[in-house]
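The same chain A turns up in both complexes below, where it pairs with chain B and then with chain C.
After this line comes the complex of A and B, so read on.
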């Protein structure tokens, strides 16, 4: 069952798109690949010399829409740390187009209405070049239309299928993290063949959870399995036992994904409900992001499986890129902060900030981005990207970006709980995550 | 779905909700009954209790029971101090005027919430229960060999949840004793009946008000400490219990102690039952609708006295 992911560095899949912008695309990839080798040279250059070639000495301002408060706060804290680490790396290597990168962070309270206001504030008041970093899908859906109206590129790190579904607009892109539809589609064969055919789904009752419900049910049925019950729970809920009696007795596998401040309570109460007679359990790590797996009450998870966007615990086959990225963000081998072992990271998601910022850098350099007038050129340059190799700039693994749907595709990891740690059990190929295009944003005008 | 196991599960979950709710609603009801103050910030005292419990418990190493015990003893009095300070600094200055106290306590709500956010951050903090053994509940069934026990899937509770129910019963008895058997209870009841006459008889009404506001907050904080090993401490956790407490107090009759307890049981158990059999949202819909009907047909509540 265990499969090596040593093919991370190779690009074997056919790019999902074809277009005519070859030179631009090649340039973008070249920049991306060269970043790592440039690092050593640039970091030794004195500060004043580093931005010397810039046409303008003004810094590039990246507006960071961050969930500092509200139900996404744990993610926000780590998205912030990852973003700061990525910007430090980019600046140490000479910035973007020789210009320093500056982050302008604004809290959106994980609230869609506030989200749209934050995008507006970043664009008009702070004069940011782009907006970036939103995670929660309802905030993305609430903010993206405003970004489109203001014509500011909006790079989200959200996982929701709303980008690739065609629901948003040409200004909204998701190049640094894969979407739920591709993730669950890649998980369904494993769940069906390894764990069981009759699945009960438990998911949060908003856009992100509905993506899980719709695309996982479809994928499981395509595999010959069946979803026997769908249990939706509001993400602000604080007590969960009352939802569990709806799990049918013939359930073979529990599929759980939960978000919000009460995730630990959710998983603990699930353990208390089942006692010694639990079915097989497959969860998205979202249910325990930023939570220590050794917390009391989680012992029943031993032997269950998790999807992880990026494995929290340093694995036996850990790449040098992951090692370097972990150190740069300040995360230890157990996925917790180096300075506080109780401060567990959202490791499965936050790499998306790091990778997105490097894509932005590559796009700005390929398009010769000089200011707000070049925003359309930046989007075209990112749309032209295809294969993105596994590197220090992309430590989670190789990716295939689809310029038409504005969505990236990549490897998915399945880990198993062993001695309260997550051990890699299976790595999917990128091809496992493909589905037919549902939109072509490149046909929309700017 | 089999009926009996889930009926029992719904009842147990409902009793835990009712236990916490009755403590909290009792605090709200006391404050309204004696002081005529609609305390919108009551949910925040619940939250402060839970957050303080987390902070106090995290100071202790070793067995989780010590940290929890310390939290149980320290967090409610600390919260009461905050409430008394708020009473002296705000409510007293506006002379307990009904409209102005509502606005003032709304302000208090935001101040407490934001100070907690700025001090402790936005994360949900767990507190380990002093003991937490899962208990499977057996049922009796008639088989060919006569009566026998069987253990239905998912039917169980934890020792801690049972302890919460017990603790609430004991605390409620204590409050009842305090109200009916002590001098302080007499002063409270006298103030509740007629503030001016009480004052004329030499009762220090100002001090009674401060004590009642502190006691109300301490009850909410106690509920918070009891719930935090089941849920988690979080700066936004006061919102839902506040709404439910208002529902309980309105249905039970403002200022009536037995009414509050009966209404808490009614709301808690029906919430548990409806949640288990239908959906938690439906439970909230029915509870809120219940309030509307009580207000239409029995404006004084189930146990409230007319003209109070």
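After this line comes the complex of A and C, so read on.
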């Protein structure tokens, strides 16, 4: 029997030896002979040797809902690379419960309708044990009802607040990446104390931007600061010059979360508007994931600050865990692909795939997961997790998982652009990211 | 056997076949077919306007989304049950198509396409703008408890399939009946020669408006049902790509044929699904197939069948 304690190490309980189990000499010799034969076979059969403890030779199938096309393609490509690296590591270390892990990837086109179809396909066509890896919130929200109906555990890597808000269901979990609500509110103390108290927010006029507007406004005001203007920019906008005059003159900090291809224009036009006398500027790296900070037009960002889920550039205090993770995924010290320095990763988010897969492994091993019938046990095992230490399995940092809300909480990083590189300026505590529970999924039946 | 009897026989046969498939299809295809049937209703609605009346709209997502939001927002914010909410979805689609119809029918040809596209874009942006209620692009889940009509749980696979089949059968038979009546023939006449139809004394504007109302309401029924059966509503369904989809499905299946929209929707679904099993470059495979089909079966699958052999197909 195998179970897991809070720091996800395995404890093996040995059954007590009874009289009937006491071997006599003849049985012992027979067992020894059989074991020797098996060992000889195993030594000539690499797979058997590697996954020798498996009760079933069947691989564990992890359905990977990947944004290969559509607006999430840049993220999807790096989520894919991270997932493949994590699975290789897990398999090299003996798989899960001694079984090989196999990834079954399906493109969802970053579309909620196709997303739901993909979850169905992974569950019913491919016979996957779990579904995993979705990033964009609308795809998660469109797919989660089907995951709940099909009773397949759905491990998302989305950073949306949808899981913890209670909108989804018991089968949907987010144990490998923090959510936007906790990220945003954890920025308020640093922004207020270091950059300034009067903040103008510039955000896209849709759900992602509205989340930032609402959560950050509340957090900054709780810290004694004030949001002096909220400038919503319609998603169809391609030029931003008419919005900058709306920024009040007494603004001390600009908080921006623009996304999409227009972000380069946004930064360039903001630079032209302010010239050399700009307020402090703070943004979310989501805008510039997979974008080289040395790109023409981004010079204006020099000296500004960013939230990063995980620092893109290897920092002075880089942990051995980050070093090993970076090497395994094939990312250099500047956050770009080892094989192509222009191919910049989505480093602030993609660690979530790596960490989620390790949590799935821990959960499956803790619950003795053997097949689809044990899905509920797997979810209960993950719900029982609390402290997750900083480790090779969790290179971004320590986490606290909340089993009731199915959401993890962790450190956030604030970096400053210095010579077109992001240098760590502040690391938040995990406590900075907490907010009251909004749901208790454990009260829902399976 | 008269052509009308043959037509009814064929379409009742199709519905019966779909009913039989409910009991034998494996889970995956069972779920897919339920979804395809709902989306085929959207395509059938589109076909009434494009295939039979000859009006090419690039903004039908507006009607689909009107149905979806009309249903889901009343469930989400007013706590209404699914039955009345569906009626609100239909009413939203009807009202939206009346407004769009009155205004857009002042134009014709390319201008009609652009005006409908602009209306749909305005609808999409409105869904984003009122994010406080709609959750914009992210959308929201229609909870399982709310997805029941008369105690029937629509999240159950069997119930979902049968509900989709009922909707499909209603839309199919309405379309079939419409094309057999004088009203349907006037629509075809408008498509073929609008001036001549007017000269013959028909009120072309009124017929076009009625076609938009029927088309928009049927699309709204599909939108409302999709939200209810699959538990999600979001602004993606109001975006321009969801205006292009029914055009594609109808063209593939056969514009101006009753079964074409269903065949086109089914074909497109499995083209994407099966080609994605072959290669990650599945869009290339799908694209090439569509080019070949357009070259060699320009009237769509059912349209080609009608041209070659079954000339009585409605």
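Note that the second predicted complex is superposed on the first by the 364 of 446 C-alpha atoms of A that agree within 3 Å, B and C clash if a C-alpha of one lies under 4 Å from a C-alpha of the other, contacts with A are read in each partner's own complex, and residues count from 1 in each chain.
Everything that follows uses one rule, which is that a residue touches a chain if its C-beta (ideal position, glycine included) is under 8 Å from a C-beta of that chain, and two chains touch if they have at least 3 such contacts.
Note that the structure is predicted; figures quoted are calculated from it, not measured.
Undergrad: For A:429 in the superposed arrangement: first (chain B), second (chain C), both or neither?
TA: After superposing on A, A:429 lies clear of both chain B and chain C.
Undergrad: In the superposed arrangement, which partner chain does A:244 touch: chain B (first), chain C (second), both, or neither?
TA: A:244 contacts chain B only, not chain C.
Undergrad: Could you say whether A:297 touches chain B, chain C, both of them, or neither, answering first, second, both or neither?
TA: Only chain B is touched by A:297; chain C is not.
Undergrad: Could you say whether A:148 touches chain B, chain C, both of them, or neither, answering first, second, both or neither?
TA: Touch partner of A:148: chain C, not chain B.
Undergrad: Touching A:102 in the superposition: chain B (first), chain C (second), both, neither?
TA: A:102 sits against neither chain B nor chain C.
Undergrad: For A:265, using the defined touch cut-off, is the partner it touches chain B, chain C, both, or neither? Pick first, second, both or neither.
TA: Only chain B; A:265 stays clear of chain C.
Undergrad: Regarding the shared-chain residue A:162, is it in contact with chain B (first), chain C (second), both, or neither?
TA: Once the two structures are laid over each other on A, A:162 reaches chain C alone.
Undergrad: Figure out whether A:74 sits in contact with chain B (first) or chain C (second), or with both, or with neither.
TA: It touches chain B, and chain C stays clear.
Undergrad: By the touch definition at the top of the document, which applies to A:275: first (chain B), second (chain C), both, or neither?
TA: first
Undergrad: For chain A, give the residues common to its interface with chain B and its interface with chain C.
TA: Of chain A, residues 68-69, 234, 236 contact chain B in one complex and chain C in the other.
Undergrad: Please name which positions on chain A make contact with chain B in the complex.
TA: 68-70, 73-74, 76-77, 234, 236-239, 241-247, 249, 261-265, 272-275, 277, 290, 295-297
Undergrad: Across the complex, what residues on chain A touch chain C?
TA: 68-69, 106-107, 111-114, 116-117, 120-121, 124-125, 137-138, 141-142, 144-146, 148-149, 160, 162, 167-169, 205-208, 210, 234-236
Undergrad: Given the complex with chain A, which residues does chain C contribute to the contact?
TA: 26-28, 31-32, 35, 125, 128-129, 131-132, 135-142, 144, 155, 157, 230-232, 234-237, 272-273, 276, 280, 282-283
Undergrad: Across the complex, what residues on chain B touch chain A?
TA: 1, 6, 9-10, 13, 17, 64, 117, 121-124, 126, 128, 132, 134, 136, 153-154, 156, 158, 230-232, 234, 236-237, 240, 272, 275-277, 280-281
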